[in-house]
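Both complexes shown next keep chain A, but they swap its partner, so chain B is in the first and chain C is in the second.
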Partner chain A sequence: MRKTSIFATALLASVSLSHAALAQTELSMWYHGAGNEVESKLINQIVDDFNASQEDWEVVLESFPQGSYNDSIVAAALAGNLPDIIDVDGPIMPNWAWSGYMQPLPIDESAIADFLPGTKGYWDGKLYSIGLWDAAVALYARESTLEELGLRRPTLDEPWTGDEFMAALKAAKDSGNYKFALDLGMNDQGEWYPYAFAPFLWSYGGGIVDRETYQTAEGVLNGDAGLAFGEWWQSLFTEGYAPGTSEDPADQQRGFIEGDFAFQWNGNWRAVATLDEVDDVVFLPAPDFGEGNKIGGGSWQFGISATSEHADGAAQFIEFALQDEYLAAFSDAIGLIPSTPSAAKMTKNYAEGGPLEAFFALSEEQAVLRPVTPGYVVQSKVFTKTLADIANGADVADTLDAAVDEIDADIEKNSGYGH
Partner chain B sequence: MAIVTQDNHGLRLAVRYLVLILVALVFMFPLVFMLVSSLKPTAQLLSDTSSLRAFLPVGDISLENYAAAFRRAPIGLFVFNSIFITLVTVCASLFLCSLAAFSFTYLNWKGNGIVLSVILATLIIPFETIAIPLLLWVSRLPWVGMEGIEFGWLNTYHVQIVPWIADALTVFLFVQFFKDLPRELIEAARAEGASWWQIYRRVVMPLSGPVLATAAILKSLKMYNEQYLWPLIVVQDEAHRPIMVGLGYFFQLNVAWGEVMAYLSVITIPVLAFYLVLQRAFIASIASTGVKG
Partner chain C sequence: MASKLTTSNRTGWLFALPAVGLIALFIIVPFFLAFGFSLTNQRLISPNPTEYVGFENYESLLGLAVITLEPERDDGGNILRDEEGQPEYPRVRTITRSDDYPQYRGMREWFRWQSGDNARVVIAGDVIFMKALVNTLTFVFVVAPVQGGLALCLALLINQKLRGINVFRTVFFMPVVVSIVVVSLLWRFIYDGNDGLLNNILQGLTFGLFEPVDWLGNTDTALGSIIAMSIWQAVGFHMVIWLSGLQTISPTLYEAAEIEGASKWQAFRYVTWPGLRNTAVLVLIVITMQSFAVFAQVDVMTNGGPLDSTQTLVFQAVERGYGKQDISGGSTISVILFLVVLAISLLQRYLTREKA
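And then the complex of A and B:
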């Protein structure tokens, strides 16, 4: 009798446990951080915390190398095996939403009211993605360089004008103390080009595409402002201020730190490593070429795939991940800008007086999203090639006209991309 | 006069060796750079690239990059996956392609020449042009596994093996070799009452050592070194990823080049071992096909 009772109790317990396990619906999630130990640890922590916090959902994470992540998503969309939760690079999101890879994000938008603008992914009036961080670009310089060359230290309220910027480059070049006055990271001919250099075009008053209609690049990329930008851009290389497209990647990583460059246009993800080696590094705002000083915004964000049958669970996970403690943890670990002011205060770098505090303000006040259109995936490649060609000496007007033709043809081929 | 000739001979020999040593150095430089760089911290590695120090194990030398590389990615798993996929594909390919070539060479069936021409014509089709249709196909194909019939081949080993088994180049190599075998051997075996299968197994294949080595080497190098796009789109789980996709683990925003070199050194070891074992066959295969290794 006693044996029967023990057996019955054990059976009941095992049934209850297996029932609890079965009650958790699996949510698949793909992330771009394979190989990034720090990022993987953080995202796994969030997943573990979420799985332990409730009994309805279990997130199962699969990480991919960043360089091939987008291709894996597109292939999975074609093959019909997208996961429930994906992460997406901000400027790519409109294309994936338009292509039917993603569905709108059903979260309470009041909860993200204080998020940095660059962290919210809207397409067609709906929120599709939200990010735990943003990134920003700044002009790296040394205090000692500014003093030595007799230069004013620019601020967000009073940035360098275009003329002041060029005067600074000329002073650095004339000093003879540097291999080049400015490093732009020209060897990285990927998304870096539109992310880092389109803001100069915007500051001139031009654009990659007409943001009123998103139907043409005519007049914005090759108008007067575009031409002025193109001539200025080319002059950086013809006058020897910056290394061109054949720049050695080693110079890009070590040049500023070793004092070969007076200034470097670089992202906040390099800031921590630079701070470790350059005591008096300062992060200066972008120069103003007439239409304000601007930088690019929008980094990796979370969203839900169109084929997910568990959008409520996926949204629950994403909302869970948006807690300040996770935003701050990501920022502390990988140096990115936390999405909210309250999270920024919890970080070691972006809190008041922190070494990277300037980047939060840069992102908040200067950041402009790259064109919010499905056609951006083509436009970014055309823009990259255009800037590389001009840097290599191509005729500015002809090259910009050719870029406009290519962008317009793509928009037409895709019936206006749904705008 | 004889002394002068001897001097000339010695000089010619010295010049020849000097040229050969220089050429060998040029070919060895990438390997030496990779191995030496894998022992240096990234900052030193980058600084050294502007001088001959790039090829010398000097400065802050350690195995830390190897330890870090193994922490960053499951290298053992990736190497195992690639070796397993390569071995199975090569074995299956040698068997099926040699059978096909045997049929094209010795069996006089109708349309034989046309079918072979069509197969050889596929040599000019780049894989990229058929990748997407093939993806759509394999994502729906049935497979009999441990749990019965399943639909969809994604995230498996066989999706990385089956599409690569048959290929025109391997069939072509076998056809060319079989054509040069003496016909009398086949005819004698037929006269003795041997079946086609017996002729294939007992007469033709035992004579096919050179072409088997050539085809195996070319196929192995392709499968081990060049499998990137296909596994990228058909394998989404880490458990089945091969080495070339694994390389992506090392390209973060701040690339740790020392670890990249350590990873490349580790994944090169099986190829080097393979080369050293089959060195003679390698050289013979390149000489016989005119294909660069």
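And then the complex of A and C:
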């Protein structure tokens, strides 16, 4: 007994010595970036800065590996054990908000007026989450490849048409210089699929679900546009342009850098690493299959859990994190698009003349959010499996029909998901 | 009513308590919960109230129907044929998505066969579940005898008094100790279609004649690849069980057999095998139960693909319950799996019973 009390006194003394912090209220925060050293350093920096900047709150950060982060949140919510501040992947947010895990963000709208549209998470007309960055996908290519194959350099105003894109793939394949003309990252059968490939479907004029009502996918996913998209998608694999679902992750990671792929459809979070090794890499905008060239928007964002008793403190932290210097720091380290134009100016990649500058505009004007509905969690899985099956040779119409049936059945089972 | 179980056995119960408690908490209670959930529309997370839906979940999983497709005919009534001379049939979706046949709504083709000029198509309410069921049964029926037999061979090999026999025992047992997730990741590299170890070895052995196969990316080889890898991974465990069985057989029996002039095969057939009876039953039942639960390999290596050729019941239960937040759907699969395993285990017990 005496030992414990001595220990407790010592602990108390050390705590009160280390900080003049006894008055600070603790705010717990979970983040998805465990295992990513660069990201961890940045987020820790923000937390430390915030804790030192004021005396009311002390944020305590706990990091999770991205692969198990969502499961951890759901498990914690079921156990009634959510932290105050969470980060949430943009398209998942409506599900958590609808399920009552999150509360609206009490942040003044004027503070985020100039943020990119993809960084703001709205559900049911209320702001629930806000992101320090957005992500974008681009067609990685080498300047030398374009010259060698005699291809026009596509621009944001004048992207490749679908035909031009296919001609480029054919030229790359016929040149015989590459193992594959195009790499799509098919090994990553997770959120990458809808994030990276749904924009192609949108560009064809289709969609994962009817975005007017969010009650059905009939005619949207399996309509004429969807079928055309599906046939095109399958041709990428039957014609041997792209490696399929059994691609080796290591090959995928290094393939473009080592010159195995002529083109790679890849996220800009890999841009910095690629720039380091490939001098003449260029980031081309998505091809236009008829309804405009589109990319997906919405990345990880911060929000407040519904059970938090200190929403004011949590909001204060989130507002603190939204400073341009942090947005710029994240962008410089990982290559993500900073949420504001003023932060973009401070970065090396998105400032005027920077190698990724074009993406800020692309993200601002052409990023489309994935379906904003709680049912997206299921729709994303269905869409992923559908694309994998079509790539592996399944009948296009039957597979799209099956996806529509599953999505519709799920919406019905959930009484329309509150729309 | 007082039996040996309830009287004068307090210590026994005390010893059993932790195990019984844990099994009740983590296996028996969840099982009853799963059965309860399977009769509702329970979601993992949802603000909507849970409703009792009866056996709807079972119906949508197990729904089957056979439809007959008549070949397309031209105006003269002749059957239209494709380039290979096969009759052309209307697409199944003209029936399953037609308002004329509401009873087939949402069903999909599972398989078909030819019957005269007509095609008979089996459509299922949940084709993925059906494929998972067939794959799981295939997995069990291949793994149980092959893994059990191989383990017995290994056990016979290492049940010898040789110098350094422990090295072999360790080597054979090693894969069991390594996490199945790690093993699966490693085998993904071995099976790699481009420059995987297996393709390289086969090419080397055939002096380059062998065409590289994308083992996990091919519907014909994916399930077989997972079966082979699973057999290799757990064979060491059952080898140890066989070994313990072998070592309970008294050496005097072998000596007697030798004196009688029995051959090696006769010694195995009439001494070893009868002595391993109980071990064999145990090994068979354990492998069967473990095989029905195949999950990690599929999750890591193929995600159920390509084209559902490696879907399994447990993978689907997890995918639905957790991935798609449909706890009731996942629970329903679990309950069906339980009934299947129960039936097969009872059958095994019946077949391997002590014949008086």
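Rule of thumb we're sticking to: the second predicted complex is superposed on the first by the 397 of 419 C-alpha atoms of A that agree within 3 Å, B and C clash if a C-alpha of one lies under 4 Å from a C-alpha of the other, contacts with A are read in each partner's own complex, and residues count from 1 in each chain.
In the analysis below, contacts are C-beta pairs under 8 Å (C-beta built on N, C-alpha and C of every residue); 3 or more make two chains touch, one makes a residue touch a chain.
Owing to the predicted nature of the structure, the values given are computational and were not obtained by experimental measurement.
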item	value
Touched partner set for A:381, first chain B, second chain C, both or neither	second
Partner chain in contact with A:110 - chain B first, chain C second, else both or neither	neither
Touched partner set for A:405, first chain B, second chain C, both or neither	second
Contacts of A:95 with chain B and chain C, given as first, second, both or neither	second
Partner chain in contact with A:78 - chain B first, chain C second, else both or neither	both
First, second, both or neither for A:246, with chain B first and chain C second	second
Set of chain A residues, in rising order, touched by both chain B and chain C	71, 78, 248
Chain A-facing residues of chain B, complex	42-43, 46-47, 49-50, 71-73, 132, 135-136, 139, 152, 154, 232-234, 236-238, 245-255
For the chain A and chain B complex, residues of the former touching the latter	30, 34-37, 62-68, 71-72, 75-76, 78-81, 248-250, 253-254, 258, 267, 269-270, 273
Touching residues (chain side chain A, partner chain C) in the complex	71, 74, 77-78, 95-96, 98-101, 189, 244-246, 248, 251, 377-378, 381, 385, 388-389, 392-394, 397-398, 401-402, 405, 409-410, 413-415, 418
Complex contacts: residues of chain C adjacent to chain A	41, 43-48, 91-93, 96-97, 106, 108-109, 127, 188-189, 192-194, 214, 216-217, 219, 302-308, 319, 322-326
